[in-house]
Structures are given as structure tokens and as C-alpha cells.
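Two complexes, one shared chain (chain A), two partners (chain B, chain C).
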Partner chain A sequence: MMGFQIVLLWSDILIWLLVAAGVGLGVLIVRTPPLLSAWRNVGANRVGMASATVLLAFVLIGLLDSLHYRVALEGKPGQKTQYAVEVLSVLDALVTPLRTRNEKTYSEPFATRLYAKETVDVPGQGTVREYPRLKYGGKHLAEREDEVAADAGFTAFRAGVLAFLGWLAVAGIVSGVVGHGEAPGTGWRRIWRGETAFAWDAVLVTLALMLLVAVPLFWLSGQYHVFGTDKVGQDVLYQILKSVRTGLIIGLVTTLVMLPMAVLLGIVAGYYRGWVDDVIQYIYTVLNSIPGVLLIAAAVLMMQVVIDTHPQWFSTAAERADLRLLALCFILGITSWTGLCRLLRGETLKLRELEYIQAAQTFGVSSWRIIIRHILPNLMHIVIIALVMDFSGLVLAEAVLSYVGIGVDPTMTSFGTMINNARMELGREPVVWWSLTAAFAAMFILVLAANLFADAVRDAFDPRAA
Partner chain B sequence: MLAYIVRRLLYALPILLGVNLITFALFFVVNTPDDMARMQLGVKRVTPEAIQKWKAERGYDKPLLLNAEAGGLAVLTETVFFQKSARMFVGDFGRAEDGRDIAREIGNRMGPSLAIALPTFILGLFVTVTFALTLAFFRASAFDFWGVVLCVAMMSISGLFYIIGGQYLISKVWRLVPISGYGGGLEAWRFLILPVLIGVVSGIGSSTRWYRTIFLEEVGKDYVRTARAKGLPETLVFFRHILRNALIPILTGVVVVIPLLFMGSLLTESFFGIPGLGSYTIDAINAQDFAVVRSMVFIGSVLYIVGLILTDISYTLVDPRIRFE
Partner chain C sequence: MMLTVDRLRLGFAAGKRVLAAVDGISFSIAKGETFALLGESGCGKSVTAQGIMRLLPPAGRVLGGSVSMEGQSLLTLPEADMRAWRGGRMAMIFQEPATSLNPVLTVGQQIGEVLERHLGMTGAAATGRMVELLRQVGIADPERRLNEYPFQFSGGMKQRVMIAIALAGEPELLIADEPTTALDVTVQAQILDLLVRLQAERGMAILLITHDLGVVARMAHRIGVMYAGELVEVASREAFFSQPRHPYTQALFKALPDMSRRGQRLTTIPGQVPSLAAMPAGCRFAERCARVMPVCREQSPVWRDEQSHAVRCHWRDAGVDADAAGGGHEITDLSVSAGKEFLRVADLKVHFPIRKGLLQRTVGHVRAVDGLSLAILPGRTLALVGESGCGKTTVGKALLQLIPPTEGSVLLGGQPLVGLRGARLRSARRHMQMIFQDPFASLNPRLRVGEIIAEGMDALAVVGDARSRRETMAALLTQVGLPEEAIDRYPHEFSGGQRQRIAVARALAVQPSLLICDEPTSALDVSVQAQILNLLKKLQSELGVAYLFITHNFAVVEYLAHDIAVMYLGRIVERGRAEEVLRTPKHPYTQALLSAIPLPRLEGATAVIRLSGETPSPANPPSGCHFHPRCPHAMDVCRSRYPEPVDVTATQRVSCHLLP
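Up next, the complex of A and B:
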């Protein structure tokens, strides 16, 4: 039994706190009828629920990647146990083959040979220039290299059947729950006729598609490099999986940073007016007037210097990259709260003139109580809409910032660093297209799902849209 | 009107001072001139004398905010803040790490930046407003639905994809225009056409959706019903009434970015090798040339404030009901 040491990165703590906050919010929603009815509308939205299913899958990958540990190194008995420098996550453990089976350099998806010719010593023939065989991709085929398509197709088919059976089981359970206490088969019929209040049909169809893609992909990835390998021979699928967490953290933690500032300052400015309002307006006008990218660039450059001059703060490279990621979230949060703050200020200005607030003031209710009991709940829809709308923008921004060189740590896998590393590859002959394509496609799916979900939420919460 | 503009310009001063203080804090307090010197000199050549020399050459050897040793006004002027930050108010940006005058460099690079940004802006505005107006005209039809689907898909694609994909397809596979570079004179259009095209296409998704919502909001208003009740054809209702009234919310978002066009686009310029202000900024970021980044932050803020004032002025032009006091 190998020992291990649990590593709690700051971003892990924050992401699990966010999960806890999400659960808490869920309880709050169930107890608040107006919020519950708005979320019911989201639940009835087919596109919204289909995208939510996709998002949930991404979140699951991200959460698995947020449980970190360090493996104990084998030492002499009686010695103090040493731990490996490398920080691994549960996701890494689950996909160990993907992580460890590295080739020498580029290879195409489903390739059995490297992308470039090399000089190889063949016994009896001297040196020969040829495409060397991959160490792991298609290894089980041995000499039958031309049967890749048939072999992969058969494996995919088997996995697809398995995925379908799994889906049937899930769908059966769901229809059992939906038609609970009625004649058998009622639940099934009601789901597919779209008679359920919750858009189960959309969820199940999306789930079927995802399973039919993910299970064969996962199965095949044990034998081939399904998305190819990159310059240093690392599996591209593995990088994609690791990028998900980075994207999620940028999208979620940033809003966590920005939210308290925007809500507090926005409401206070709108409620108290006068000099408080002037000061807060001054602060956000100043921040707003600095071009966003440049402010981020300046702050990231400074942070980089601070991190470089204090190497003693970090015991592993992962910790350093993690802190840089959090700092980036913090910087993005500081530069992006102004929009929401302005919206909330304007809305509070309107709310405070309404009769029920005036009445509360006449009764002598304290200002803070009015803000928390009467104003904040009436601003919740704006906050929720802003949260979901910001997510996709932040994921896209991460890629651009990493490209410019002011994003996440270069050692941290993210969509941005993947694109950045792969950008010269289109200029090669023959073209290395798989890294870029895979990164863009994964990002597109994540952002599209986030955008569609945001639309569903906005439609349900925005009183003007109804 | 003139009094209003003057007053707004005076309001801008404290904001610019705030911007200066923030950038100053970021560049000199978080990260002292000693740190900068160590980084620029490299690990090997760091000696206390070398750091002192580096600082003295660039004027970083003065106290940060207050110079207690100097007398009179020099208490304030003989400091890093005054020399490096406050002097930007009069257009003195100092020198870059390679010894070149930043102000002159900015002047030289403004042209190429504008040559890309201006056509992209005008063409993009025309395309997106037209597309949005068409979608709103055929609202609640299949065309509208698929148009919105297209917009959502297009805004979910990373901006990097448009650039990388466009360069690959048009320049490398079809060999229609050069991949990157810039030439003066009439030949410049060959270099400009691809970045402009990509800039327009990458902006279609989000802008069109935004304008469409604005148009749809106007469609539901009373004056539109009145216009229809008068018997005006739908096209006339759209072009004479809805388009004009929708201009106010559109202007809010559009006019403010016009001055910022001078700044160029970081991504486009660096990908296409255009010697504009955007690539200047990116190079400075990569080379950690703080003097240049600081200057660009300052110029960007000035332009943003100018944009805000222009927005207010443009309101009076399109909406006679708005007056300044």
C-alpha cells in the first residue's frame, strides 16, 4: 500500500467552498417561492437543461481534478517518509494511462507511427530513415498496423453498446421516479411527450449523446491517442481534461471575488447617495477608464515579479502555479466588478424611492436591515443573470490572456496555454492540426453550453423578457 | 455646450490622477525600482553598483512620493511619481528600455493601428446593425431563430480561432493575401484586408445579438403602433422610426470606443505583424518594459474619458430632448 499525503491547494479550497455555497443557495432557493418559480422556468427550458447537463459534466471533471495528493516515495524502512514533488489529482489517478504513456513527439490521432521520420538502426540493414513505431499508440495491434480503422471501429461499437445500456438504465430510473405511483410505463411516456414540468427529455437526449461520445472515447484512449500527441508526446485528450479545471476556476472564482465588492458597493452607493455615492462612483470610473487588458497586464507583471522574488513561499511548482491562477482570478475580479456595480447602483436608486422602502424607513427600520431584507432580495435577479453571463466571457478571456503571456502559469495546462503552444504548428509541413482543433472544440462546447444556459437563466429571471 | 465640455474636462482631471496613482502603486510600490533593476539586468550582473547605475540612468533613484531633502516645491517635483507619472499629463512619456522616445514611437505607430481599427469598426458596425435590423424585421420567424443560433455559436468561438483559422485558410491554403506584415502606401490594402475581415467576422455574434435586443425593445413601443396605425408600410416603420430611436442605446456602447480605436488591437496586430500601438504594447508586456506599459495605460484612460464626453455630446445630436445645463 502506497502512502500518500493530501494536498490542499488554495484553489481546491475555494472550488469546494463554491460547491458548498451552491448547495446552500439551492436550499435557499427551495425555501423562497419566487426564486423557486423562476428556477422552475429554467428547468422547463429544453435548451437550458441540455446545456446544464453538458456544464455539469464539465464541472464533474473539474471537481475530480480538484482533489490533490502527493504520493509517498519508497524509502528505506525507519526513514522519515518523503513525498513526491509532483502533485496529482483524483482525475490523474483515474486516467493514469493517458498521463504516463507519453510518446516521443507529435503523432496524429489514432496513429501507430510518429509524425516525423527518424534515423533508426535496423539490425542487418544499417541505418534507415523511417517513421518510428509509437511506444503505446496501437501497441496491441503489433504487426497488424493496417487494421486500425477496423479495430478502433469495433472497440467504439462495443463501448457504444455499453454506453447505450448504461443510458437505458439511467433513463429507466428517471422514468420510474417521474411516474412514481402510477402504472408502469407512464413515466416513460410522459417524459417523451414533453409532459413533465422539468425538461427531462432534453436532459436524457443530451446524456445519451454525451455517453455515446465519451464512453467510446475513453475506451479507445486506452489503446490509441485519440486526439494525437503534442510536441513532447503528451496525449492531447489528457491536456483537454486538465484544462477544464483551469477554465472553471477562472470562470467561477473570479465571480466569487467580484461579487461581494460589486453588490456591497453598488447597493451602498445607491442607498446612501451623497458623498458615499461620489466616492464609489469615482473608484469605478477610474478602474473603468483603464483599458481592461492593460490593467490586467500591469497587475500580472507585478505579481510575476513578486512570485519570482519569493520562491520560498511555495514548496511545489503546483502551488506556485495555483497561486498565480488565483491571483489572476483576483485581478480579473477587480477589473470586472464595475459593470455589475453600476447596474446595482442604478437599480437601488430606483428601489429606495418605492413606497415599501419609504414605509420601512418611517417605521425606523435600520438602514442595514432595509438593505438586507428589502433591497438585496429585489436585486437577486440582476446578480444571478450577471453571474451566468460573465462565466463564458471569462473562459474566453483566459485563452486570450494566456496567449498574450499574462494568463495562467505556463506550466499549468489550460485552453490558453494549449493554443499558445500549438500556434506555430499550423505552419509546419505536414500540418499539425489536432492540438489546436481539440482545444478550440473543447472550449467551444464549454462556452456554448455556458452561453445557452445563461440565456435560459436570463429569460427566466429578467422581468422585462417575460 | 462649451461650458459643459469644459466642466467635463475638469472632472476628468481627478480621474486621470486616480489612474496615475493606481498605475504608480502597481509599478513602483508593489514592485520597487530595485526589483525592476534586478530583473532587467539579469541574475548574473546584479551588483549594488549596477543597480544604482541602472536606477540613476532612468531617474528611478529619487524618493517615490516625497523628497524631504529638497526644498520648496522640489519636495514634490524631485520624486519618481512627479518625474515619471505626473509628467504624462503634458505628453512627456520618457524613454523606453531601448532608449527610444515613447511619445515619438506612439506617433509613428498610430497610423497602422488606425488603418486596421477604423475600417474594422465602420464595416463591423454596418454589417452588424444591418444583420440585426433584418433579424428584427423577420422577428419570430425561422430566419430569426437560426440567425440567433448562428450568433450564439459565433460568440462562443474564441477570438483566437477566427485569427488562426482565417490566417490558415485564406493565407496559407488559398494564398490570397500575405499571412502577415505591413507595407506603406497603396500596397497596404493587401496586408489590411484579412485582419479587417477577421475583425468584422469575430464581432458579428455578440454585437448582432445586442443590437437585435435593442431593436426588439423598440418594436414593442407605443410610437411604433401609432406609426403602423397611420398605415405606414413596415419597411418605413423600421427605417424611419425604429432605427432612429434605437440609435440612442446603440450610441451608448459605440461612441465610447471610437477614441480607443487609436490604441489598436493587441491580438490582431501581434498576429499579423502590424507595427501599430497594439503590437507595441504586447512587445512591451513581453519584454517587461514598464515605461511603455505605463504610458499606454495613461493614453488609454485619456481616450476612454474623451469617449465618455463624446457619448454625451452625441446624445444631444440624435435626441433633441436631451439638453445640458
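Up next, the complex of A and C:
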């Protein structure tokens, strides 16, 4: 057993804090019937729950990728243990084969040979130019290279059967729980007739689809590069998995930055009005009229200079990339709080004239208490709707920013950097299409799920949507 | 018969079910007749109107029955043909004049649309017709007004424009859905007169929907009472007002507050209209009926028809109202001797600055309250009456220092309140609390009833450990007639009347000596209003609280008030004891207000003083006596000088040049 050292990146801390906050919020919701009933409506929404299932899978990948450590290097006994410079995560450990089995350069999905011709020495024939065999992809086939389709199909089928059995087990447990204390089989029937308060049918169907795709995919990925490899021979599936965390951090941590600012300033402006309101409105109008991309570019470049001139701050490259990621979140947060702030200001202006607020004022309740007890809870639905809606926008923004080179650190895998790298490949003949397609598909699924979930949340929380 | 509605059933799709909101109602209206549909909110009046017009909301469904007009069945007509009927042969006006006109079109364009569509009139002919229409509905200077936008009109004028639009297509049937509910009494009287006149001129049939018995008495020829989607009584005006037969109708009459019931408890109708999803199988009124018998719960009653007075009730002696209230004017409590003043307001002014332009310069002031003096005595009720926008609410808020007064003093037991801050203001506030108009907006939907009530106790540090606090809260809830379990429930689980009780409990929690009630019953139905009025009266006799009762409803004033102050444009024009002001009003405005109220009696439509126009803007009050542009007695001196208050009796004080 090798020793290891736990590495806590700043973004890890933030993401786990977010998880804790999420759990706390969940407890709060369970204790507050009006909120609970709104979330029950979300739970009854089929599309919402299907997308939530997909999102949950993404979150799981992101969380696994947020537990970092460094492996101890083998040293002479008695010496102080040295740790590897490479920071790994639990996800890395789980998918070690994907991470380590690198080819030389591009290869197509399910290929057994490289995508570029090379000069190789063939004993007896001298040097020839040909597509060399991959080091790992399809290695087990040895000479039977033409049987890829049959082999992959068979493996996929076996995996699919296994996935189905696994799904049946899960579905069985769920129907057992749903029909608890009733005749056996009632749970199952209730689920499929849509008679449950929670949209179990949608969750189970989504889960089935996900298992049927994911299990064969991972099974096959042990033998092939299912999504191909990139320029330096890295498995694209691995890059996709790593990109998920980056996307989630951008989408979630940014809101952490912007939320306090938007909520505080919005409420204060709406509640106190007068000069406070004027100042806050002035700030966000000015901020809104500066082109966002320029502001972000300037801030990111400045941050990069700071990072470059202080190498002593970072013991690993991962820490450096992490700081830049947080800086990006921060600057995205600064540029994106204005929309929510404006919404909250307007709503507060309306709320403060409501009679229950005035009733509290006649009791002499202090302004802060009124804000916390009466205004904030009645703004929560707007905040929740805005957060969920913003998430997908931020994920997309990261991709765009990384694409123009002012996003995350180039060494950090993200949908944006993947697309950026794929840009060069698109110019090649024959074209290298798989990196871009895979990144695009993964991001599409993530954003679509987030948007559908956002719709479900809005329907449940927005009184006007009814 | 011009319009015949036969066993009409209308419902709403709710999930997979369709709930019947109107369940088999039949009535008919003759040419030139006004048929009034009367009933509490939510009993299906508006749905009926929408069904006849075929303007049901998307979830609405016609479940059965027929509607025919002049022999043509409307429900089977293709939509394209129906459009020619709508506006052309039948037209509708709505409750809220503010939202029923399109704000981006001029009034002329909106009337012109109807003229073109239904009469094919355009150009000069149309303009001439529009001017004529606007003149008919009493809008001065119609040529200029045609090119104005709705926001340039006041509420009453918008309603007139709505009527003009409705009349443009020369309909034979006019459906008016609560046409005057959002308007002041003086304006209401104008609009009702207008409708009566137009009906006489054109021989229109009117389907009038209302919950106001006074309006019914003024307008209707025949009346249908609706309850929970069914008609329960249909009668001519005379029969209806001389002898209401259905227990529900009788209860409605008895729930009406007025002078003759002072000192008595109003009859209330317990409970609520059953929800659409849980309609009882038998008589739908059974749960709330004072006459309920076992058969009522099993069998839906059938119509019994006696001399054009039809009733749906099992109760045989219908009409013999056994425990009819013993009349009698109990005016003893009017002569209660005046004690020491509790609250004195002198020369109170609240001016809101009007800001304009880039630099937000103050270009003028809205004089919402402009030199008002009042005194409130312990344990008594002072009613502050006046039309909307005259500054009543602002007075209430300025007394509580929710709005800082611009000038003047508020003395609470001799201690000045204006300018108090922090802890001293808080301790002074303990003596005064407010109950607001809208029970749906005055309770935070995210707090439990217990937390709502505790808020005042916490803020004003009314002491106690957790258990004694809970006991206090339970006692308060019992006092306002709510069960103790209410503590742990949320406001949305309660009806309007119950919510208003919670608001009362919240105010009482800090044991105030004065409750400022700002129209506490105007958002409630008559039967629920009676419950709240009874409660307020009971609390006054038990706890000796004083009320400042802000309202525009004279019936409530008559029932409850000891003293009355009449307000016009930020000033009090007449004040005195209730008896004096109501019986011998001296100020022309008070006289006009009193005579404009439609009384729910047969002899209700007496000669009335009609005021023209509406309350002017407080930003720019008329010179001299503010009332002179509308006053029937205005003299030259009125235009130049504001009248000094004159003491008519020891207690009655009037500001008018008519008085010596």
C-alpha cells in the first residue's frame, strides 16, 4: 500500500461547502411546508425528474473528481517521504486505465491503428509507411483486427444485459419502498401507472437509458478508445469525464460568488430606496454597459500575470490551474450578478409595500429583521429560479471563453479547452471529428438537462406560471 | 323572452376531472328588463356570464344545457358567427375599469373598432357616432377625449368609456359583471343612473351581476340568488325585498350592518361556500343553514313556485322568518359620555413630493393629508369616511409614524409621537396597532400563524417563557374565534375571514389601546364581513379598545361608529357623533355621500343628490373650498376662501360657508 497525501484544492473546499449547503437547504425545505410543497411539485414533474437524474450522474462524476491526493514516491527508508507532483483524484484512480493508456497521437473511436501514417521498420521489408497498431486499443484482438465490430458488439451486449439486471434490482428496491406495507407488486404497478406523487417512472426510465449506455461504454473502454484519442494520444472519454468537474465548478461556484452580492444589493436597494438605491443602480448600470468579454479578458490576463510572477505560491501545477479557475468563477460572478440584482430589487420594491411588512413596521421590528424574516423568504423562489437558469448559461460561457483563450488554464481539461483543441484538428484532412463531437454531445446533455430542470423548477415556484 | 338560459352547466378541467362551477341554472330575461344575479364571491356568477358570451377561460367547459337568444341557440353557433353576436347583439362590461381597456389604443380607436366590426361604420360617420356615444355616457368634451388614451381618464370615466364601447354595437343584451364594485359611492350612483337611463332609451335587457343588495334594490326588476353554482331563489324585486324566502337570502339580509342593528350582533352565516371538488349531494347550503333538516342532506330540493317567487328549499314555511330581528333603534351607546382624550391629532399634514426630470427635482406636492385634526376617546370608535384617494390610509399610517408627517402633532396620552425614534417610538407603538384591508397581503405566507402573532410580542418584548407564550397565543386565537391548532398552520390554509381574524389576533397580542382598521372588511363577502364586525364589537366591549375605523362603507359606519369624521381631499369637512352626522348631515358633501348609497330596501331609491365629476387630484386641489367644483350650493365666496370650521352643536363641527 502506497502512502498518499490528501490535497485540498480551493475549488474542492468550495464544492464540498456547496454540497453541505445543499444538504442544509434540503433539511430546511423539509421543515418548511410551503417550500416542501413547491419541491413536491418539482418531484412530480416527469421531465424535471428525468433531467434531475441525468444531472445527478454528472454531479456524482464531479464530486468523485473533487477528492484529490498525491501519491508518495518510493524513497529510501529513513528519508523524508516525497510526493509525486501529479495531483490525482478519486475519479482518476477509478478510471486509471483510461488515464494511463495513452497512444502516440490521434486514433478514431474503436480503432486498432493510429490515424496517421508512420515510418516503421518491418523486419524483412525494410522501412514502410503504414498506420501502426495502437499500443492499447484493441490489443486483446491480436491478429483478428477485422473482428472489432463483432467483438465490440458482443461485449456491449453482455454489458447491456448486466446493466438491465442491475436496473431491475434498483427498480425492484424502489417499488418495494413505494409499495411498503402493501401487497407485493402494488408498488410496481403504482409506479408504472404514474400514481406515485414522485415521478418514479421518469427516474427509472432515465436510469435505464443511462445504465444501458454507460455500462457498455465503460466496459468497452477497457479494450478500446471508445471516443478515440486526441493529439497526444489521450483518451477522449477520460477528457470528457474530467471536463464535467470544470463545468460544474464554473456553474456552481460562480453562483456562490454572485449570489450574496446580488441578493444583498438587490434587497438593500429595494428596501431602503433613496440614495442607497441610486448608488446600487448606478453601479450595475455602469457594470452592465462595459462589454463583459473585455472585462473578463482583462481580469483573466491580469490574474495570469500574477500567477506567473509568483510561482512560489503553488507546489503543483494543479494548484495553479485551480487558482485560475477560481479567478474565472470570480470574474464571471462579478459580471453576472446584475441581472439577478435587478430582479430582486424590483420584487423587493413591491414586497416592501405589502401590508405584512407594514404590520411588522408598526411593531417596530428592525429593518434587518424584516429583511431576513419577511423579504428574503419571499424572494427565495426568484433566487432558486435564477440560479438554476444561470447554471447552463455559465457552463456555455466557460466553453466560449476557453475557446477564445481567456477561460481556464490550458492544462485543465474542460469542454472549452477540448473544443479549442479540436478547432485545429478540424482543418486536417481527413478530418478529426470525434473530440469535438464528444465534447459537444456531453455539454449538450448537461446543458439540456439543466435547462429542463430549470423549467420544472420555474413552473413549481413561479406563481405567475400557473 | 329575449335571453333564455336553460339548465346550463359549466365546469373547469382540473387534472383529469371536470368540476362543475355552474350546475344547471335556468333563467330568462325579457326585453328592457334587468335581471340581477346575486351571490357571494366564488358562487359562479362570473362564469355564468362568460358562458353566455362563450368567453370561458381555456380550462372552462360547457357541460350541458342551452343558451338561446331571440330563438337562436348560442352554444351551438360556430365561433365565427358567435363573434358577430358578441359586441353586436350582446355586450359585456367588467368590474375593473383599469384593466379592461387597452392602454396603447386611444379611446376613439377602441370604440371605432366595434363600430366598424358590427355596423360597418368608418370615417366621418363613425367619428360622429363616437362623439354621440361618449356624450350619452356623460363624458364632457367628447371630441377632444376621443384622441386620448385610457390613462388620461379616471376610474369612473374609464367605466363610462367601457359602457360606450359596449353600447357601440347597439346590443340588445348588456351583461354587467360587478360594474361598480371598484368605484366610489358617488361615482357608482352616476354609473347606475347612466345604465338605467340607457336601458330606458334603448329597451336593452341587462344581466347585472353583483354581490351588493343595495345595487340590486336600485337596479333590478327580477333577482336570482346563486349559491355554489345553483340558483336557489328567483323573484321579482318587490317579492324579493318584502319577503325573501330562501334561508340563504334571509341570512344575507340579516348579515347586513346598518343603523337599526347597532348594539345587536349581526347574524352570520357560519362556514364557507363548499369547494367545487366537494359538493354535498343534498342541498348545497345545508352545512351553513339555520333551518337544516335531515332530508336536506339527502335530497337536493326542487323548485317551488308561488306567484313569480320561486325557491329551492325543503323548508316549508319559507318566508316566515321566525326570529326576525326585533327592529328597534338601540342608540343608548350613542349617548355614552365622552371621556378623556386618548389620541389627539392637530393640524396633521402629509405631503408627498412629486419629482420630475433627470435631477429628480421636486416640482410639487401631493397633499394627501392637509391640515387634519382629530381626537379619539378611549373605548370608542371613530369612523373616518371618504372616497378613495382622499387620504384616509395616509392618515392611519401617519398616526403610526409609518409615514413621517410633514407637519403637525400627534399626541398619545399627552406624549408627542412625531419625531420619536428607536426604543421610545417602539414603546409608544405598543399602544396603537393597525389592521389592513387585504387579509391576503397582510400575513406573510411563509410564516406560521404562531410566528406571525409572536412577531409583535417579540419586537415589543412582551415577555414570557415558551409555554406561557403559547398559552397567550392560544387565548388570543380563542378570543378571535379560531381554534388553538391554528398556531402551527400557515396562512394559506385559512379563508379570507379567518385570515382577517389572525390579523386581529396579531394586533391584539401587544394589548393596544387603539386599533386602526383600514377598510378591514371591504375585501370580504357580506356574511364574512358580519363575522368580523361582530368580533370587533365584542372585543371593544371586552377589552375597551378604541377604533379608528377607516372606510367608505356607510352601512358599516352606521353599525359600528360612535363618532364620524368625513374627509375630502386631505381635510375633514364634517365631524360629530354618529347620530348627528348620519341623521342631520350639514355639509353638502356628507349629504351627497349619504344619499348616494343604494339602500337594500324596496323604498331604497329615494330622491338623491347627484354629485357630478370625481374627486380632484390632491396634487392640485381647487382654490377656496375644495368641494366647490362639485357642490350643488357653491357660491362666490366658496371659490376664493376655505371655510372655517363652525360648531353646529357641542360635538358637531362643519366646514362650509353655508353655515353661519
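Simple rule for what comes next: the second predicted complex is superposed on the first by the 466 of 466 C-alpha atoms of A that agree within 3 Å, B and C clash if a C-alpha of one lies under 4 Å from a C-alpha of the other, contacts with A are read in each partner's own complex, and residues count from 1 in each chain.
We adopt the following convention: contacts are C-beta pairs under 8 Å (C-beta built on N, C-alpha and C of every residue); 3 or more make two chains touch, one makes a residue touch a chain.
For clarity, every value in this text was computed on a predicted model and none was experimentally measured.
Applying the stated contact rule after C-alpha superposition, one finds that A:282 touches chain B and leaves chain C untouched.
Looking at the shared chain after the overlay, A:150 reaches neither chain B nor chain C. Shared-chain residue A:362: touches chain C; no touch with chain B. In the superposed pair of complexes, A:36 makes contact with neither chain B nor chain C. Judged by the number of chain A residues each one touches, B leads among chain B and chain C. Of the two partner chains, chain B is the only one that A:291 touches; chain C does not reach it.
Look at A:404: by the touch rule set out above, it reaches chain B but stays clear of chain C.
Legend: residue contacts after superposition of the two complexes on their common chain; A:116 is shown touching neither chain B nor chain C.
By the document's definition of touching, neither partner reaches A:20: not chain B, not chain C. Common to the chain B-facing and chain C-facing surfaces of chain A is no residue whatsoever.
Those residues of chain B lying in contact with chain A across their complex are 14-16, 18-19, 22-23, 26-27, 30-31, 35-36, 38-39, 152-153, 155-161, 164, 167-168, 172, 260, 263, 266-267, 270, 281-282, 285-286, 288, 290, 293-294, 296-297, 300-301, 304-305.
Chain C contributes residues 397, 400, 402, 425-426, 429, 432-434, 436-438, 441-447, 452, 455-456, 458-460, 490, 492, 503, 506-507, 510 to its touches with chain A in the complex. Contacts from chain A toward chain C in the complex involve residues 32-34, 354-356, 358-366, 369, 373-374, 377-378. Of all residues in chain A, those touching chain B in their complex are 282-283, 285-291, 293-295, 297-299, 301-302, 305-306, 308-309, 392, 396, 399-400, 403-406, 415, 419, 423, 426-427, 436, 440, 443-444, 447-448, 451-452, 455.
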